[in-house]
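Next come the structures, one after another.
Here come two complexes built around chain A, the first alongside chain B, the second alongside chain C.
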Partner chain A sequence: MAKPMEKITWQEIETGSVVTEIGNARQYETGSWRSERPVVDAGLCIKCGVCWLFCPDSSVKQAPDGHFEADLVYCKGCGICAKECPVGCITMVSEEG
Partner chain B sequence: MAKVRKGIEVSIAMSEAVAQANVDVIAAYPITPQTHIVEHLSEIVAEGHLDAEYVPVESEHSAMSVCCGSAAVGARTFTSTSSQGLALMSEIFTIAAAMRLPVVMALANRSLSSPLSIWNDHSDVMSVRDAGWIHVFVESGQESYDHVFTSFRIAEDPAVMLPVAINLDGFILTHMIEPIEYEDDETIRKYLPDVKMKNALHPDSPVSMGCFGMPEIYTEAQMHRQVGVVNSYGTIVKAWQEWGDLTGRYYRPVETYRTDDADYCIVTMGSYGETAMEVVDSLRGEGEKVGVIKLRLWRPFPFEDFRREALGKKTLIVVDRAISFGGPGGPVASELRSALYGVPGAPKIVNYVAGLAGRDVARVDFRNIILEGKAKAEKGDTDGFTLYGVRG
Partner chain C sequence: MDKFSVFSARLVDKTENFTSGHRACQGCAEALAVRHVMKALGRDTIVAMATGCMEIISSPLPLTSWKVPWIHNAFENPSAVISGVESGMKAMMRKGKLPYKKINYVAMGGDGATADIGMGQLSGALERGHDFLYVCYDNEAYMNTGIQRSSSTPYGASTTTSPAGKVSIGQHTQKKNMAQIAVAHNVPYVATACSSYPFDLMDKVKRGADTPGAAYINCLSVCPTGWRIPTEDAIKYGRLAVDCCIYPLYEVIGGQYKLSYKPYKKVPVTEYIKGQGRFRHLTDSDIAFIQGQVDREWEKILKLCGEGK
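Let's look at the complex of A and B:
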């Protein structure tokens, strides 16, 4: 976003609230919504990519060695990856404390 | 091709107007009393007279969804519905306006269930009054035909970009056979330019539509809509003026009949205006100084036009075709009371709700409403509304 959302006036809104700047959802860091984070046991991970496939926010990244982990800037902590992982290598850990 | 005058069912004339407007996409689900409009359009497309996609969807919710997608790519888009169909599409109906997609709809007004009724009143349209569409009411077959063209012109104007509903009374208009003057295709082409949409969906210039809006931005988005709807007024008046210059048939946001020296007026919206004029003629013969004010434009509400016609009159007798249950009266009367609130010298307003679900409101009924309404105003009995003709 060229301008922070809270500074935009009504005159600057595009007709129909169309967003003409492509890919700017990236600037919205949804990781702050999270109350639990997924922690991957890289030793157990079979690198199948099921978590990557299921993540509703495209917040799973592949590490250089091939195992998958959450991008905590965007991960909302929904826990779908932990639920779907076929080998149970993802544990949801509280962000509190 | 010269002008042709045809004796034709209004629904058929309307669908032929849609074909003349050279629409690209029609998506609709049949529902009484809109059926003939879309049925005939499907024939026109199937027989190859119109190069358009006719999408026979499985519900009205899908119809409006298809219309949104179609309008979003810059295709000229038409649909039509009534009553329960409008209720079913209401979710997407609002979105079409918010996303500023210039869909044109023939809304064949019919009462909402229950009791289940297929007949005409305005309860359907009033349920979507605040959705952000432009709403026009027509009162004859000729007006139904003409407003197809003016509505596309208004909807697609880059300064407007709003969906337009042409409200026509179900059966009373849709199923009536009337003499209608057709314009030739050349006239229509001159009047109605191709759609030029600034942010149409296209792979070469990607945009996102229908995005998420946080509390930080939603208020500004709504202000943008409010200004858009209010400002559409200028384009509407200009589009109607130019149509008049081309065809000789001029339309105004508020129409009047014998109001110049009238002490009091009956106010109607939709096809009742025709009967009201006849009754006013006969009452004039008896010395009553009465006229008719007819609202053509419902949204954006033409405050200045209405005040100009209303001020100087002693009483307005407003005939509504829907009830706002537990509210202050019919939706039209509520609007007019609000428009005149605090205005010095404003006329008194007496409100009748009549003709629900197609119950006949004949000349004698208009006569009763006018004379009884005048007497009520003289007694100062102007609160709430009277449900005309109700038994018990």
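Let's look at the complex of A and C:
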């Protein structure tokens, strides 16, 4: 979508409320909801991918060296990854300060 | 060959057909279930979705999280719409207007859309035997509108329309067993799944979509907001529900029951109930009553699966 969502007027919406672009919700950045962010200890990470599998927002990405880390643009800070990590290499850190 | 399947998170398909940017609450295991279901189905899929949490959070006009053709439906008619889509596509392919292709026709709904409002249409679609898969994301209440009871709410749960208090225990009726209702329609494939067991869920979705004829999957999806649990425990409570045998995982292929997972050691239901805010008013005798019911149901399922004593 070329335009940001709030700039779109009702005249520009397709007839029948058809959305013609796939997966364009990616422009909505849910990361701003977060109060805690996951921090990965890359040294401890065993690269198993469990955090990636259990992320409801599909916001975990694989870094070039193979370990997994959160994509903070979409991460809502639910803490599932920190809880499910088998080696406990993810800690939730408050966004304040 | 089943025994030798390799399950590893890193071997799962990396493409996301349900993208990030959806507006589900923090820790929504239902959004996680949709993500896994869409991973299993792939891009050759047409989805009709009933109103409910997943419909609201994934498609606020002009945005959509879906990467497949997706049709918004009222509460009652995803199964009716997908029946029409399937018949229409079949006719177009027969007449040569479209090239022949295997397409997954999938209807989705929450427990309200499935067990309450869309029950008749679902029953009709299952009875007509359309080649489709119905996935019910069962979070045990109408969570989208603010936690109202549905017929899928378990006994004793406090919701805004079944509040617990001096004279009320909360929800006083039993959870409707949708999987058994689907089995009673004699459809070729019925399964129960849970978002805390993603490989099992993906396997069942693949099997359901590949089955010619109607298939039904009931997927328990933990809702941290409605169940009043911490967001990070969403996966844990799904596992506990299965380990306590409150929500047994099984599949019914052509009438043959097969247990998907038998807990090594049955966990008492207290483990499952005590951490949840919706059950916090329950006394020990209430919990003992629920335990008795769970044991009876579990014995029934074991017997059906041929694993009973």
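Heads up, the rule we're going with is that the second predicted complex is superposed on the first by the 95 of 97 C-alpha atoms of A that agree within 3 Å, B and C clash if a C-alpha of one lies under 4 Å from a C-alpha of the other, contacts with A are read in each partner's own complex, and residues count from 1 in each chain.
Keep in mind that, in the parts below, a residue touches a chain if its C-beta (ideal position, glycine included) is under 8 Å from a C-beta of that chain, and two chains touch if they have at least 3 such contacts.
Predicted model only: the values in this text are computed from it and were never measured.
The superposed arrangement places chain B and chain C in clashing positions on chain A. A count of residues in chain A touched by chain B and by chain C gives the higher number to C.
By the document's definition of touching, both partners, chain B and chain C, reach A:Ser17. When the two complexes are overlaid on their common chain A, residue A:Met5 makes contact with chain B and with chain C alike.
Of the two partner chains placed by the overlay, neither chain B nor chain C lies in contact with A:Lys61. Only one of the stretches 93-101, 111-119 or 219-227 belonging to chain C has C-alpha atoms clashing with chain B in the superposition, and it is 111-119. Residues 5, 8, 13, 17, 19, 22 of chain A contact both chain B in one complex and chain C in the other. Chain A meets chain C in the complex at residues 1, 5, 8, 13, 17, 19, 21-30, 33, 47-50, 52-59, 71, 74, 76-80, 82-84, 92.
Those residues of chain C whose C-beta lies close enough to touch chain A in the complex are 8-10, 12, 16, 18-24, 26-29, 31-32, 35, 58-68, 72, 198, 224, 230-236. Every residue of chain B that touches chain A in the complex is listed here, in rising order: 98-101, 161, 198-199, 206-209, 211, 213-214, 216-217, 219-221, 223-224, 227-228. Taken together, the chain A residues at the contact with chain B in this complex read 5-6, 8-20, 22.
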